[in-house]
Every structure is written in C-alpha cells, then in structure tokens.
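After the structure tokens below, expect a handful of questions from me.
Chain naming follows the written order as A, B, C and D, and within any one chain the residues start at number 1.
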Amino acid sequence: MAHNEVVEIRGHLIDTAALSRVLNDVDEYGGHYVVEQFDIGQGPTGPSYARINVSAEREDTLQRILMRLQIHGVNQVDPGEAEVGVADMDGVFPDGFYSSTNLVTQVRIEGRWLPVLNPEMDCGLVVDGVGAATEVRTLPMSDVRAGMRIVCGASGIKVTVPVSTKEEGTFGFMESDVSSEKPQAVLVRQVADGMREAKDAGKKVLWVGGPGVVHTGASAAMVSLVEAGYVDVLFAGNALATHDIESALYGTSLGVDLARGQGVEHGHEHHIRAINTIRKAGSIRAAVEQGVLTSGIMHSLVTHDKRFVLVGSVRDDGPLPDVYTDVIEGQRAMRAELDNAGFCLMVATMLHSVATGNILPASVPLVCVDINPATVTKLADRGSSQARGIVTDVGLFLEQLAMELSPTYRRG
Amino acid sequence: MAHNEVVEIRGHLIDTAALSRVLNDVDEYGGHYVVEQFDIGQGPTGPSYARINVSAEREDTLQRILMRLQIHGVNQVDPGEAEVGVADMDGVFPDGFYSSTNLVTQVRIEGRWLPVLNPEMDCGLVVDGVGAATEVRTLPMSDVRAGMRIVCGASGIKVTVPVSTKEEGTFGFMESDVSSEKPQAVLVRQVADGMREAKDAGKKVLWVGGPGVVHTGASAAMVSLVEAGYVDVLFAGNALATHDIESALYGTSLGVDLARGQGVEHGHEHHIRAINTIRKAGSIRAAVEQGVLTSGIMHSLVTHDKRFVLVGSVRDDGPLPDVYTDVIEGQRAMRAELDNAGFCLMVATMLHSVATGNILPASVPLVCVDINPATVTKLADRGSSQARGIVTDVGLFLEQLAMELSPTYRRG
Amino acid sequence: MAHNEVVEIRGHLIDTAALSRVLNDVDEYGGHYVVEQFDIGQGPTGPSYARINVSAEREDTLQRILMRLQIHGVNQVDPGEAEVGVADMDGVFPDGFYSSTNLVTQVRIEGRWLPVLNPEMDCGLVVDGVGAATEVRTLPMSDVRAGMRIVCGASGIKVTVPVSTKEEGTFGFMESDVSSEKPQAVLVRQVADGMREAKDAGKKVLWVGGPGVVHTGASAAMVSLVEAGYVDVLFAGNALATHDIESALYGTSLGVDLARGQGVEHGHEHHIRAINTIRKAGSIRAAVEQGVLTSGIMHSLVTHDKRFVLVGSVRDDGPLPDVYTDVIEGQRAMRAELDNAGFCLMVATMLHSVATGNILPASVPLVCVDINPATVTKLADRGSSQARGIVTDVGLFLEQLAMELSPTYRRG
Amino acid sequence: MAHNEVVEIRGHLIDTAALSRVLNDVDEYGGHYVVEQFDIGQGPTGPSYARINVSAEREDTLQRILMRLQIHGVNQVDPGEAEVGVADMDGVFPDGFYSSTNLVTQVRIEGRWLPVLNPEMDCGLVVDGVGAATEVRTLPMSDVRAGMRIVCGASGIKVTVPVSTKEEGTFGFMESDVSSEKPQAVLVRQVADGMREAKDAGKKVLWVGGPGVVHTGASAAMVSLVEAGYVDVLFAGNALATHDIESALYGTSLGVDLARGQGVEHGHEHHIRAINTIRKAGSIRAAVEQGVLTSGIMHSLVTHDKRFVLVGSVRDDGPLPDVYTDVIEGQRAMRAELDNAGFCLMVATMLHSVATGNILPASVPLVCVDINPATVTKLADRGSSQARGIVTDVGLFLEQLAMELSPTYRRG
C-alpha cells in the first residue's frame, strides 16, 4: 500500500458502535487498516481513544476514505494544511473537491483553524477573503462560480461529532430503531420537552409538514401550537398550504369532509379553486389581509408573523403564488431560515423532510413523525444521523402535543 | 343454459353498488343473467328492486351461484323447501352442503321459515328436532357427526342484509375505504359512541387485542376502560397476556422499557420467566388471588370479573396455563362468548381479528384499529363486510378512547 | 330546490358501479336527485341508460355538481352553449371556470361541438380563434394570461368516458384492486402485450421511473428494453439519472454495491461527484459524446436517440445539468412529450407518477409498478382512474419484462 | 456492587459491533462493567479479545445479565460447575432456570463439558442420566415433568457464536439491513447457492411457507423445486395447503383466478368445499392415492415422498385432516423434522416463520423472503439473529429460483 495516513477518534467508540462503522467503511471503500493504539474507556461514561493507520493503493482512494471517515468524527493525527483549488467553471467544483458533512467542521488555512460557518452535507467548502479575514463556508454545487477557491482532499480538515446524548439526553429515545411499538405518550412528552428547551434557549422551532397534517384533522392542534409560540418557521410544499386553505374556504381537504369524518372521493376541483382564489388575491398574506382567508394553519402563521417557505414539486397544480417553482431557489430560501434553529419537527412528508435533512446542521435535534416507517428510515439513510423517528398517527400525535404545550387547547 | 332460477333483491342497490356486485358475481362464477325487472328508488332513501333470471350450464354451478348471491341479500323469488342431506362421516359435510354466511338467515323446512340461530360464515346448517321443535343452527365442519341432517343446495333459504347505516348511522365513517388520512378525533368519538350504544342496549363490548396494546404503552388506558365497564370480553393470544404480565412483573414488554421509552433489544427471557411464574401459580386468576400479579390488563379483567379467551398459536412460548393450545377448542370457547355481543373492537392483531371476524354475525358492529393498513384490508377480504377500519397508532387511539369514556382517566 | 338540470348517462352503469358513484357524488356535494328514467342493459354487454334530475339550493353548487358528474361521463340532456368568461389577470382564471377532466371532452361554441385538443385534469379550457377557426384546449393555471377566453360553468360541455375494457381488454387485470397477492407472471405478460400493442399501432411507450430501478439492479433489463425499442420517452427526476450515472462511473448506487449485492451504507459522496462530472461535461449527451459516460440507462437513451425529461425536486443535490429546476417549466416539457403516447409504465416513483398522472389523458393505458401499495393507491386517488397497479418487486418485474420483450436479454 | 463475575469474549468484536451490544446489555439490565483487558485484532480478519468485570446489586440480576450476555458469545472466565435444580411441578421450571439460546452450548457437569444436544431458544436445559451417560438437552416448558433435573443460573455454561461469514460466506449479503432496494438477481443466486451447498453436504432443505406462495402464482415454480429435490420438508399452516388444493380442484385461490389473473372477490366457499373433499378422503395422501388430488404443491410433496408439517391456527376453517390443531403438538412435530437441516427458506408467512425461528438452531442458514419488510424485521427481533431478509415479490422470486435450480422449469 503506497499511500497511508494515521487518523484518530475519541468518544464512545464501543457502546455506540462508532468504531465498527469506521473500520467497516475503510474496508468497504477498498482500504486497509491497522489499529495502532486502542484505549478503552471505563464504564458507560468514559471516552475511548483509537489511533488507526489507514492505507490504500491509490492516493485518490485514500483521500475519499479520509473524507468518508470524517462523518464519524475521525480526523488525521497530523492533518496539515487544507489544499485549495480554484473552480474553473460556474456550477462545477474542481476535481477532488472535499464533499462536506453536516457536522461541526474546521479547516486549517495558513496555519489557523477556521470554523465552517454553516455546516451542510454534500456541499463544497469555499474559502473567502485573505489573511485574518479568511472565512470558510459551505456552498452548494449550483452556486459555485468560476474563480472561487474550493477546498480539495481531506487534509487540513477536522470535524467534531456531537457528544452522544445516549445516557441522559432528551433524544436518546430511539437510538437505533424505528418502530411503531413504542410507548407513545412518553415520546410526545420528549418532543414537547425538546421544543421547550429550544424556546428557553432563545432558539427557533422549525417545522416541516406534509398535507397529512390537514387530512388527519390536526389543523386545529397545529394552529394552537402556532399560537402558543412553538412554530417559528414552516417548510412545506404547495399541498399542505393548498389543502389547509381549501379546508378553510370549503370545509374539505382533498376529498375528506373534516366535520363528518367521511371521505369525499376525488373532491379535487375544490383545491384548484382554492389556489385560483389565492392567486387572485396576490399572496397568502394578501388573502388574509383582504379577509378572504380567515382560518387555518397558513392564516395563523400570517397573523402571528411566523415564517414559511413553500417549495413546489413537479406534481403541483397551480401553484399558490407564494410557492417557489424553482427548486434551487427554494433551497436557498430554506437555507436562509435555518439560522438559530434549535429544534426541528418533521411531520408527514418524505420529500420535504429529506430536503430539510440535506441542509440542516447535525447539531439541530431532529424528530420525524410519520405513519409510514419508510419515511423515517429513508431520512436516516440519506445521512441525517441525528434524526429520531416516531412511527405513529400524525393527527393523534399533534393533538397530544398541543395538549402538552398549549394551555388553551381543547380537543375538537 | 339448461338450468336457471329467478332471484330478487331489494334495497339501496345503486348507491351502495350492491347490484354491481351481484351481476359481477354471476359473471365470475360462470353464469349468465337477464335483469327481468328493475325499479329504481327515488332519492337517497327510497329502496330499489331488481328481479334477475340467473342461469348456468350445470346444476351445481347454478347452486353455487345462488349460494354466492345470498351474501348480497339476493334470494330466490320462489325459494321452495330446503333440501336436507345426511352426514355419513364425522367431520365431513355431505357433498353440495350449503356454506353459510354471517347474515341473518332463514331456512324453510316443512313449509315454515325457521331462523338460523347463530349466523357464522363458512359453516354448514344443521337441522335438529322434528315438527314444531325443529331448529336450524350453524355448525363448523369439525363438529359435524355422522347422522346429522345438513342443509344442501340453495333452495329454501333466505338471507337478510343489514340495512345500510350509510345515511345516519354511527359507523358510516369509512364506507369503502381504509386510510390513515382521516380526521382521527372524529373516529375516536364514533367508536366511543358505538360502545356507549351497546352498553345502553344492555349488550356486551367485545375486544380482540394483540401485544401491540402493551408495546405501545396503552395498558393504562385499557385498564381504565375495563374499570369504566367498556371491556366485557377479551379475545387474545398468549402474547398479549404474557407481555402484559411481563410488564406487571418486570416493567418491560418484549424489550421495551415502558417508563423510559427506550428499547431493550431481545429482553426475551423476561417473558419466559413471566410465563413460568403464572404456570407455577396455576392460572392467571390464581396468580391474582395469590398476590403474585397485582397490576395490568389481565389483573384488571380478573378483579372486575370480566371474561377472556386466550387461544394459542404455533409460535407461542410456554404458553400461559389459561391458553387453549387446541385451536378448534379455542374457537369453541370464543363462540361461547359471542352471545349478546353489541360491539366489537379489534386492536393490533391480524390473527385474532380474522379469527373473530370468521365467527361473528354480520349484525355486530365491528371496528378494526391497526397501524398497518393490511390488517384491515385482510379482514374485509375474508368476508367481514361490516368491518370498519381505522389506520392509526394504537397507543394514542386507546389513550383518546379512554379520555372519551373513562371520567377518571389521566394521561400517564 | 331553486336550481336544477337534467343529465343523462349511458354505459355499463351497474356492473361497473358507475351509477352508484354518480348518485353518491350528488349527495356528497349537497345536491338532490330524482332518477327520472332508468333502462337496464341486458347481460354483461348491453349498455344501460339513466336520466337524472339534479337540483341544488344554489346555482354555483349546481354548476359544481354538474362539472363533478362529468368525471363519470354524465352530460346534460340539454347542454346548451358553453359560457365563456375573460381572464382579467395573468395566472388567474375567472371565477366559476370549468375545471377540466382528463377525459375526451367536447365544448359547444356557437352551435358547434369542438373537441378539446389535449385533455388534462385540473386545467381550464381556453377558447382560441373565431368562427370556423375556433379551437378549445386545456390550459394550466400558471399559463393563463389576461384577456384569454376561458370556459365557465358546466353548460355546453360533453365528456365521453372510455368504454370499459372489463370483458376482453388487456388491462382488465386489476379492476378495483391493488394487491401483492396476484399471479405475477400473468401481469408481466399483460404489460408486455400492452407495450406491443402500442408499438404496433405506431404509438410511443412512455416510462416514468424512480431511482429504485437502479437500486434493485434492474438497469441491465431496462437498457435491454431501450435497445428493443420499448422505451420512447422517460420522465424521471435527478435521482434516477444520478444513480444510473453513479453506477456507470463508480459501480455503486447510493450505497449499494451492485456486483456484490452488499450495502455500502451512505456512500453518498459518489453521487455528488458523479453529478459534478456531468456538469463539467455540460450535459448527459455531451458526457456520452466525450466518452465520459459509457454505460447505463441514460447512456442507452442517448445512443438510441430516445427522449427524456428530468424534473428536479427540492431534495435534489446538484442537480445534473439536464434537470429542469423550475417545476412549472418541467411540467411544460413533459406535456410536450405526451403527443401520440400509447402506453405508460410507471416504476418505483410516487412523485413523478402522480405528476404524470396529472397531465396524461385518460385514454392512455397506464400501469404503475411499485413494491409499496400506497403509491398505486395514491395515483388512483388523485384521479388517474385508468391506472392499474401492480405491487411487486421492481427489479424482478423488469427482468421478467425484458425476458418477454427483448429477444437477446439474458439474466445477469 | 456486592455481586460480580469476570467474563470474556473473543472474535470480531469491533467490526461486527458485538462488543457494543454486550456493554449496552449490561447497562440496560441494570448492571455495571469495567473492561479489564482489551486486545484489538489487526485488520478485518484478526480476532479481538475482551475481559470484562460485570457487577450488579443483586445476585439474581447478575445471573440474568450473565445469561443474557451468552447470546453474544460471552462466557465466564471461570465458569465453574452448572447448578442443577429439580422441577417440582409438571410444566413448570424451577425458579432461576437457565433460559437457553439457539447457539451451540456446553454445560459443565461433574467436571466435564457436555454439549447441549438440540439448541433451541427460550427452553430449559434438562440433565438426563448419570456419570458417563449424562446428557443435556433443551426442553420446552410445556414438556417439563416433576422430578426432572434442570440447569439453573449461568454458571458452568459456555456458548459459541457462529463465526461471522461476513467476509467470504454465502450469506453475508444482508449483514444488518432489510431493504427492497437490493439487486435482486444476486440475492436469488445466493439463495440457490445456499440450497446447493446444503444438498451437496447431504443435508435437508427446509421450507416454511404461507398461502402467498399460491396467491402469487408461484405454485408451478415450487412444484418444480420439489421435483428438482430442493424441498425436503415444508412447514405451513392450513391456509397454504388449502389454497393449493383449492387451486388444484377449482382453479382458484381464495378469490384469485390464476389463469386470468383477475380477482374473484370472496370466492370463499371454494376453500371450504376443498377442505371437505380432503376430509372425506381421509388425508392429503389418501386424496392423492384415490386420484382426487392430482396436481399442486401438496400433491407433489406426496408423490415425491417429501415431508410436511401443517399446524393450525385460531383463524382456520375446517381444517384439513392433516393439520395439527393442538399447537404444542404441532411444535413437537416440527422439532422432529429439524434433524440434519442444512438450509431454511421462509416465504410469505410471518406466523410460521417466527414459529420456526423459535425452534431452529442458529447454525442453520436462514433466509426470509416477503414483500412486507415487517415480517423480516420481526423475525430478527425475536432472536433469530442469523436470519437474512429479502423484501421482494414472492411469486417472481420463486420463479427466478426455479429457473436457477430446476433445469426443466419453464415460465408459465
């Protein structure tokens, strides 16, 4: 093996199986390893330490392994300086660019460790400024411009994995499991605690929602949570907003008569008329101000001056005038709202949950609630390792959450 | 077509699609039909009437079609007398035996229409006694004895389909649909109303449950419903009772620590020890009386003098001493509890739900709650057409139901 | 009831349950009906006829009911002339606009019945030209411009429901059911027959695919079907193309090593590098021409001069340079490929399947294959009533289909 | 901590995460640990070694932890002698009985290590004979008799975990994952290889099947595999056999017309007539010999002198005369067929798969095929850690397997 590098990792390597994953990854990426030193921590709280010599036949394979290992918090013992390349085309990174994780990351430039300003996965790292003013930030591929300075290879980079909250933390409840067979009342309380902690710390609670929120009759619960101050930002698509507005205007939600609890199969022209009505008003806020829209989730967000970002999809009708039809612009608008986020709840949507998981730093606690186990599994598969999943009924879950958090909420 | 018979049907033939199903069935069973008369009802409430000439190449095909049509309430215009054969072997019906539905059924013997005493699907009809003392009852195949008189063919039989509760009834909520996207709070209330109606009418509320009731942390809610008088009989397997008892003895339920909400993977020897403990006591009731078992669902059933039937399955450990290990004997014990049942709730079990659906008359309202849509679908597929399905989280559903029905219930 | 209209419907009203649905819809939309005449067809092939007087308290309710009934092929006995309004804002239809179905539709303008040129659901109908040159076409809401003449209300409109292929047709296989318990080999053959029929009739076979096509190892089968001429157009998102290209460049597909059949958890930077490589080349076609991309589905489409439309979503990384990032522009590009489509197969994608179902005329046979029953159900729920669903393994299904249709295909 | 014991474990502790599970289990069972020595293996093949001091407040807690750890292959450094208690009631183990794993196990009696003859999980260990004739075997709780000598506590017991086949073995294909997104063709081939290996070694191939085998149209494929010698024993319930026989007698399978591929909703009296026919013949074999049953899976098993064990369940109609209605007797019959099993394939049944997993030694390779991921997950959750899951279409999977293994098989 012509190429090798010595790396190290510290933390709960055994009981969290972190070391297993590190060694498996080296193996699967075609590298080899020798564990040069291993000091096991004592008891459930003592940290362990491992120093590993990683080698590969080719230099680029080695670099890819080293980048890969950083997801687990493995850094080079002697990281050296970051290598910086220059983009020579708009929208294209230099070959060998460093593909970022969503973990806390530092980059060594001219002997100084600089923090990456906004951790996000699958981005490049762009270096701005010079000397003392040098800054490093993540940059999505579509935003790179020719001439930008981009970090390449794995040298000069250090990531920090969040300390596992396994033992005492709020979100230890589903360490490695997605299941519907869990005591649900406990889970509701844990989510409520997470939201309270975020608010107490002066941080924002971010929601990501799908139309199931409306279809399951949970609108009143969510409105109550908006009023109680536990919804600062909502990321959603055209569907949630449309069915919420359809429900406010016509009392139906894509064929479900919410008062009677009976299905109205394919009541679909209601939603297209609802969209037309809002387009005529100019925007959701304008419809509220003109007295056209007088109830529902979107109305509540507007009247309580909360933020929402609606991003369209190829299946949309209309869409509502507030919807970003360009998905890359939509991603930018979502990123702009992440600042100071302290908790994220994803409810009943796979598309927007994965989209938010892609851009959210790993340091933000993240809970995903869906009746479909596949949504939660997919989220974790895509790299949002901090995601905790609750497989349950969305309508009943939000009811319970409203009863926990909103003193005035009364079941319909 | 050498063989034919004229049949008739009355009711909401169009808006409930009953007539469609009748004609499709004739077609699929290889018969032919001519609609001789059709009087359409006016408005949503007026009944329609159809007279149909059904024919087939062979007499046995015709008889099978006629039997088949009876599950839709289609009877012969001129039903004649029932044909009665004699079983010549134990456990075997005569060829051409009438296979029963779970609908209200009458059989014409010696010129008199006799009610079938205990409608159940997939049974034979046995004729007991003579003259004025003649009785007709359903009989499962395994209980037939040589010499018994068994109804054969479709002549002399009349079934009555329950009037659709579509317009105003309690259980119109899911006419033809199984979905998780329903306003759940309304459904909870409808189930509560159904249970109250049954109790007000002096009837029993029958529960069928799987271990998910315990795993989802709903034991306290169910205990509260037992105390409030809304659980008269419980049908279950070894698993629900075992995990309930394991939870009472050890605080865990197959690897779920219910207080912390964390999974204990494979905590399985707890359940085998719990079973051993009850076997040592002699029975669940004995364990309660000896002070060994002091809490949980089974404890609550015993102390409130409620009934339970536990029937085993091939995957059981132990089992508990109260479990019927012979499934045919278990079915008999379940049948013995059906008398005066006024409402049936099935929760988190496919096996016992299908088993109960097999023996329950169609006149008993039936609601099936499961997080898995397949359970509900399968139940309806097997012929329990009165089944209404709710796809939701079992734990939260039972919590909500307890809050509706039990004045003293407080969320854990 | 101040407002009423007499409508009529012809066809297999009973055995297809069409009449049930019509009457239920009147009821659910708050109207009333009297069936003035009903002539029942004889046998499975004779058509029935119904004339129904529909009434409602308000004129706009009546108009909505009438529009709604057209989904079922119910037309006014005396349809009169279409009412035409004028859009006074870009992107907004006049109030009371006719919301289109995806059925064959005619509009009566100045005494002449004009065909709607491109049936699509949830659009408006725009009237172009005057006199003999008058044309009517569907128009999505986002494309309406101030001054356009738009059909309003339900007068002067006639829709034709496709004759049910129930008795003899190719796609009668799943009349009203979605299930994994079907003889799969028969279904494979029926899809193959449908594709052959389309090609024999000189029509295009349209595919809609998700990344599961690649993940399940079915790329070779699909390439073989491209080569055999059974893939004319592919609608997909960034994911299918990216994972196909990743697989061609690196031999992995989002963490699945296809040769060994082992999972490589989170191998995700491979896909981001694959995208960067194609962006550097300029386009997928350019990458093929430069020799960068030499195998896989996208390569095969390029080298056989087949069409593809890739439309982005909010969760996309990159994306590939060929991807429409504006979803409304993407929808336009998809519409432009629908002309002369004779068969549509949807495989392993809910998002793009629903999107395609939204714009496809009901006259195009449509089969949806997915391991998840929810995808198929959702498609039908959104109004693609012609959709037939097959719940099966996508990889094995495409293998079998390739063995049916491609003489040279050999299992890997 | 008053009570403690020193244990040790050897093997791939890190890359298989075995050590993580051990330490977590101590923690979750309320114990404490100190890792006294840890020698890490070098590279993917070198074994590691750990010596751990485990302690607990109470002696019985410590014993339970020690028993628990044995499922991971952790043994006491100084195991001492096994403690033997005497059962004082039929069907009840002594308190503190050792609850067995399905791993290779040895027990030290009078200074000698004796092998446990038939490893099975959740049983007791009974000691028979004395002196040189002493034997130890597993015993299910229901078979214990007063006076039997039963191993208690964790002393004097050593278990051996099978060496992981991760690197080169046949069944490394799904190490820790259940997914439908796998290259299916590879998986088919791996199962075929596993069956060939078992036959080459002179061992039996055991099948466990549900009625989905018939419903998905895979009967012909399975018959072909019986004929080719790859089905030695079949474990199933009443349903598989009934629907197979119904299909042979009537051409339908619970409402699925297999030739046309169309659903016949609720064709249920066919199955009850099929059962009656076989009951009349006396048994399935008798029906074959009388020429009543002339095709299908059961026919094929009988004519090729293969074994089958059918065990009933509470939802059964009939049942067939060959069905064990007592589930404990059924379990005994299943155990009697396990001898010399070399491969086990479970197809489309959760109930019988879990039942078989309960009694199968961990040394038998086990693959579970189902379209429902929950079945596979549940199997692993119950302790069958050697289970490998394939989420795919059962019908197409068996077709492909028949094409691999049966030279004469031709797709229907």
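Quick notes on this structure:
In this section, a residue touches a chain if its C-beta (ideal position, glycine included) is under 8 Å from a C-beta of that chain, and two chains touch if they have at least 3 such contacts.
This one's a predicted model, so the numbers in the text were calculated from it and none came from an experiment.
Of all residue numbers used at the contact between chain B and chain C, over half are used by both chains, marking a mostly same-residue interface.
Farthest from chain A, judged by the mean position of CA atoms in each chain, is B.
Centre-to-centre, using mean CA coordinates, chain A is 32 Å away from chain C.
Computed centre separation for the pair chain B/chain C is 40 angstrom, with centres defined by C-alpha atoms. Centre-to-centre separation between chain C and chain D, using Cα means, comes to 45 Å.
Chain D has residues 262, 265 in contact with two or more other chains. Considering their complex, residues 172-175, 177, 179-187, 190, 212, 215-217, 256, 258-263, 371, 391-397, 399-400, 403, 411-412 of chain B touch chain A.
The part of chain C that touches chain B in the complex is made up of residues 14-17, 19-20, 23-24, 27, 32-35, 38, 40-44, 373.
Residue ranges on chain D touching chain B, taken from their complex, read 21, 25, 28-29, 64, 67-68, 71, 89, 91-93, 95, 97, 99, 121-122, 140-142, 237, 255, 257, 262, 264-269, 272-273, 275-276, 279-280, 311-319, 321, 325-331, 334, 351-352, 354-355, 358, 372, 374, 381-383.
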